[in-house]
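Starting off with a structure, shown below.
Order as written gives the chain letters A, B, C and D; numbering starts at 1 within each chain.
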Amino acid sequence: MNIIEFKGITKTFGSLTANSNIDLQIKKGEIHCLLGENGAGKTTLVNILFGLYNQDKGEIFIAGKPCDINTPHKAIELGLGMIHQHFMLVDRLTTTENIIAGEEPMKNGFVDMTRAKKQVRKISDEYHLSVEPDAIVENISVGEQQRVEILKVLYRKAKILIFDEPTAVLTPQEVASLFKILNKLKAGGKTIIFITHKLEETMKISDRVTVLRKGKVIDTVNTSNTSPKELAKMMVGREVLLRVEKEKKKSGETVLEIRNVSLYGKHKRPLLQNINISVNQGEIVGIAGVAGNGQLELEETIAGLRKIQAGQILLNGEDITGKQTKERRGKGLSHIPSDRLKRGLVPSSDLAKNIILGNHNAFSKKGFLQRDKIKKYSKNIIEKFDIRCRSLQDNVDQLSGGNQQKLVIGRELSTNPVFILAAQPTRGVDVGAIEFIHQNLLEIRKKNKAVLLISAELEELMSLADRILVIYEGRIVSEKKKYTREELGLLMAGEKLG
Amino acid sequence: MLKRLKKYSDLGYSLIAIILAFAIGALLIYLSGLNVGKAYSALFNGAFGSLFNFTQTLMNTIPLIFTGLAVAIGFKSGLFNIGGEGQMYLGAFVTAITAIYLSFLPSIILIPLVLLAGGLAGSAWSFIPGYLKTRTGAHEVVTTIMMNYIGILATSFLLLRYFQETGPIPQTVFIPESARLPELIEFSRLTWAIFIAVFVVILCDIFYKRTNLGYKIQTVGKNSSAAEYAGISSDKMMVLSMMISGFMAGLAGATIVMGVLHRFITNFSPGYGFTGIAVAVLGRNKPVGVLFAALLFGALQTGGITMQLFAKIPMDLMVVIQGLVILFVATPVLIKKLLRK
Amino acid sequence: MRKVFVTLLILVFAVCVIAETKVAIVFATGGLGDKSFNDAALEGIKRAKSELGIEFDYAEPSAITEYETYMAQFANSKNYDLIISIGFDQADALTKISERFPDQKFAIVDMVVVKPNVASYVYKEQERGFMVGYASGLMTSQSADERVNDDLVVGVIGGMKIPLIDANIAGFMAGAKYADVNMKALHSYVGNWADPAKGKELTFSMYEQGADIVWGAAGRSGLGVINAAKEKNFYAIGADSDQGYLAPENILTNGMKRVDNTVYIAIKDVIDGKFEAKIYSLGLKEEALGYSKNLLPADIIEQLEIVKKKIIAGEIEIPAVIEEVE
Amino acid sequence: MSEILDVIFNINTFSAAIRISVPLVFAAIGGVFSERVGVINLGLEGMLLGGAFSAVLGSYLTGNPYIGVLLAMFMGAIIGFIFALFTLKFEANHVVAGVGLNILLLGTTTWLMQIIWGSRGTSVNVTGLSEITIPLISSIPIIGKLFGSHNILVYLMFVVVILSWIVLFRTPFGLRLRVIGEHPKAADTLGIKIRKIQYTSLIFSGVLCGLGGAYLSLGHLNWFSMNMSAGRGYMALAANIFGGWNPLGAFGASYLFAFTDALQMRMQALNLNVPNEIIQMVPYILTILVLAGAMIRSRPPAALGKHYKTSR
């Protein structure tokens, strides 16, 4: 029996068609994966289902009845629940407050907190979610935050649960326990829609898979009847090289050296502890770890955006510990930031202004910007890095994510750096762009530059890096040239290799 | 081409906002039983009807150009400087004192020097909220408002205790002739300050479009995290931007003292600093936009006088219209909605 | 018959001439509605309208820089026989405008402008301050009155610290001490001419410190002084015009400044052809300053009259600066 | 020195501070409700002024000051609604819209004053609110002097402070409101009717300012005077920030500002050797200092000042 049926769903944003005539059926009690690359239209589709967007065309049937879901409120009433990729949690409130908001148990016109906590504990126990009702959200781990999200949905008696890329922020161990929870939910009669771009997960958890590409449904298949290779082909529309070819190379002199660096946050909370890293010429060093274990802090520390409390950072043998970002860049540091929209770009400025960002002083003569030189330089980068745009006067926020990232990478690789700090360089970009970015990183390695690659993608690290360091809770817990996926997973979760 | 169109639509929105505000103003005049046509023709005549009236409009425009620039420049780095009034008082005061004490200098040195002193006094005053913002996060909106009160009290304190002309009036003696800006037309009080104002507008325009520093300040205003990532110190740029902003407000005070009042008097401003906010908003924080917005508000002020005298319409209607213009200009969405209907 | 006709003709002509007398008045920036200074001037010109049959127009500028524009608009129209500036801060503007329109007659109240076409009317502010200060000093020791306490404390509140107000304050303090050397005369400032709420609180703070008679020389903020006295039932003293109607039981007297008379006389002089571009320094002697009787007991009025004569005779020296009071 | 201490620890200073604080407290809590739901409210100043004007108008038309208070609340609600319309529906920059609202209301009240009462400066005198003496409390020595005898708005202020706290932290409405101010999208996905709550909050904010304005014009005085809010709205905004976006904190901060003002007034009359202007600066300098200090400790609602398009 189909609990949900999409019929001819179409949704456009301006000139972009996010969903085009989508037909899709979800069966009651199944785990159904929506598989596709970034930008394939998966999130748009479930946002329409959840009432966050309204479709331009098409109809949705819930349990056979056509439903006009125009607000999340309506969706919730229909028994839908969504666990968002970016958690919808208020950091400063308790888990219970987050869970009950909008549907509070009442007593004499006031919120009945005692009963609320009891209910939270009850559901938490039922599905082994282990959520502490009194904890403040900003103080709990990412995994626990996700379980709060699940609780929110269950508290509202949802029968259909939508998970939007739930594993992106989890360790392999946390993923395993999430899958246990999913199976428990399924056993309890819930229907689950699971969005992902990871083949392996799809194979492991789902009953059926629907593959989306460029806003269209390619096919829906039973998981047991397919293979990762077939799914991958449907996803990208051609055969994909899952491995990057990398030539063997001897590394040269040390370029970046981090010695015993420690960093503390609020209330003296250690963020980085005693970090030692060295990166040599012609070498890509990878930093692996689950998001939130100090990668961002490490990135910002190297870039000079944070002041460290102890230790030394050397670039080409020169101490740059106390140096500002500007000086570090002047000495040949390039930086591909993990959050391109927040850090790497000025979205409301035009392309040219973004292309000289960080290198602007080189285009300044007697205090004036050299417009012709900037124009020529920008054109060159746009061409070389295949940035698709209409003109130099376009604002960056008009570009797609992939093109934005190519702009950042093009900019950072064109300043003739000696050291490249690449943090999550392929986050949120499509497969084509990923390949392009990987090629460029290998190219720069060939030119004998040093690269520090901070990434959450294990594939990326294993195929690009010459050495991998694992970071866990602000410490480097392991360093080796080669790991298996399992080893990395254990280390990232804080386990020791036996 | 698309960019062009966008530029024009910006201008279009501003025009529609102005028309809307005037339409509501007309409704108010009508509702209070007065003649709309008579009122608005008096308004127009008063502002542009004769050469003399036009000079008065320009005279009223000058301080608004500077205070408007002050607010716009703050906005460029993402800061909202409501402290123009206080900065202007400081600028006016220091201008008068410097001119009086350095009266032995020849005009050619004295005038630029005194202007600079007035501007710097404004800068000094705006430095404080800028510094506090970057250091402690104290919101500049509140601190600049407080600095207004403090600035006005401070100039009054200094004036009364140390620089008061003998007599019953809270004012300094006249500044020397050599420090006054020459009048363009006799008795008009329209001085060279108008050229200074236009020149400063052009300088600002070039500054933000062409210079590296202008680029850096705007980067901070648009995305301070990205600026930091690019090695631009957003703290430094914000404080600097605040100081340039204060410099402009200081110039407003300086040109009033050097061109109109020829001395410092307590309570001299009808709120130029606050009107500057409206000017900046209407001018969409662009220097050239500020120039035209200031002209509009200057004309409202001057024309309002004639309107009050000869059509018996209270000047406060002009304040109502100013308020409406700000509200409407702040909401392109509203105008878009109205246009669609 | 012919005689009657001629007389009529002359009368008609005269009426025409009188009716054609037009006066413009430019108020101080506080604007009308202060129930004292500007309103008093309006009172004077209204009286001139009803008694002398003049026409008038007025302007309420909101800033110092606007004075000149208004004056120029009036002078330029060549419609007015006299243009009157109210308030000291109009002097600079008037100086320039009077030069520019040498044939136009001007008058200014509260300040001196030495020009061949300007009549200036100024007041010896400290004299009225002294009178009301003295009255307060005498009154505060009248313990029979329930509105008066046992403390020898009186107070005066200025709008802003400016020399003109300080002259009033100095006179007040000197007058109070003249009544009794042990008298404590408090003084403070609102810092704003238009914040009556603050004026009221400031008055309360003086009342708490023992003052039972408070004079408000603070424009619209002064209205708060009267309101405070009414609420807590002690005495307030009004300023400029008779404000007794605002609180009939609590306005002891008023520090009168007959701006109305001054305006009226200035207009009358023009009509009578007696306009003179000179400085009229007005005080108690000219009846331009003074006090109003209101709630003052007869014996105190007697003493006030004696002192008044002494001041007019120059027998009492009144300081115009607070520092000189001691 | 002892004179100064006398003034500081004088019951009258504390009592005066209560009176001075009333409009600040109302407006500051109005600020709390506005900012907790994500809208920066610089329009408090204009809302106060509009309230003060409407209160006098109501009393003038009916002769009953309580109807004046009701009219002030009603007009406050309308002004709050207009502000909500501009900031939420038309997506105006909050700060700019606030400034525009202030200028608009300054112009409108002065203009209407001329039409109704023929004067630009002050309205006619109307019946003001009289003091109500609470028999039991007023006989207690110190407390009686502080709380025993005030007009109704002062008592109402205390009620509002406590009720606001309860509403904000103990009711579903308050919880939803806080979620919206922190994370509107989260609220949206929880099915909370964001706009409804935002409008309600802003209207409530206007009603509170109406009460504050009514106190200025009818409670403290009995007439309206041009621009009589005189910057109190801005002080209230600062009090809201200093008070950590919490009604109790806003009350504390407002009271502190009022206390320094009361102190300032008393210090002036002491004839100290400190110039008057310097004494008058104290409340403003204090505001800056506490703000500079407080910002480090407290943090604003995370979505303050941002526009959020609700789901459609």
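Here is the rule we go by: a contact is a pair of C-beta atoms (placed from the backbone, for glycine too) under 8 Å apart; a residue touches a chain by one contact, two chains touch by 3 or more.
Given the structure is predicted, the values throughout are model-derived calculations rather than measurements.
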### Message
Between chain A and chain C, how many steps is the shortest route if every step has to go to a touching chain?
### Response
2
### Query
Which pairing of chains gives the most C-beta pairs in contact?
B-D
### Query
Using mean CA coordinates as chain centres, what's the chain A-chain B distance in Å?
47
### Query
Any idea how many Å lie between the Cα centroids of chain A and chain D?
45
### Task
Using mean C-alpha positions as chain centres, tell me how far chain C is from chain D in Å, no decimals.
36
### Query
Using the touch rule from the top of the page, what residues of chain D touch 2 or more other chains?
120, 276-277, 280
### Summary
In chain C, the residues touching two or more other chains are 60, 161, 191
### Task
Spell out, as numbers or ranges, the residues of chain A touching 2 or more other chains.
none
### Query
Quick one: which chain pairs are touching?
A-B, A-D, B-C, B-D, C-D
### Message
So in the complex, the part of chain C that touches chain D is made up of which residues?
### Response
30-35, 38, 60, 155, 161, 186-189, 191-192, 194-198, 200-202, 204-206, 208-209, 220, 223-224, 227, 246
### Task
In the complex, go through chain A and note every residue touching chain D.
50-54, 70-77, 82, 84, 88-93, 97-98, 100-104, 106, 109-111, 152, 156
### Interfacial residue positions of chain D with respect to chain B in the complex
42, 86, 89-93, 95-97, 99-108, 110-111, 114-115, 120, 231, 234, 237-238, 241, 275-278, 280-281, 284-285, 287-288, 291-293, 295-296
### Task
Provide the residue numbers of chain B that touch chain D in the complex, in ascending order.
28, 32, 80, 82, 132, 135-139, 141-143, 145-147, 149-150, 153-154, 156-157, 160-161, 274, 277-278, 281, 314, 316-327, 329-331, 333-334, 337
### Touch list for chain D against partner chain C, complex
10, 12-13, 16, 19-20, 119-122, 125, 216, 220-223, 225-228, 230, 261-262, 265-266, 268-269, 271, 276-277, 280
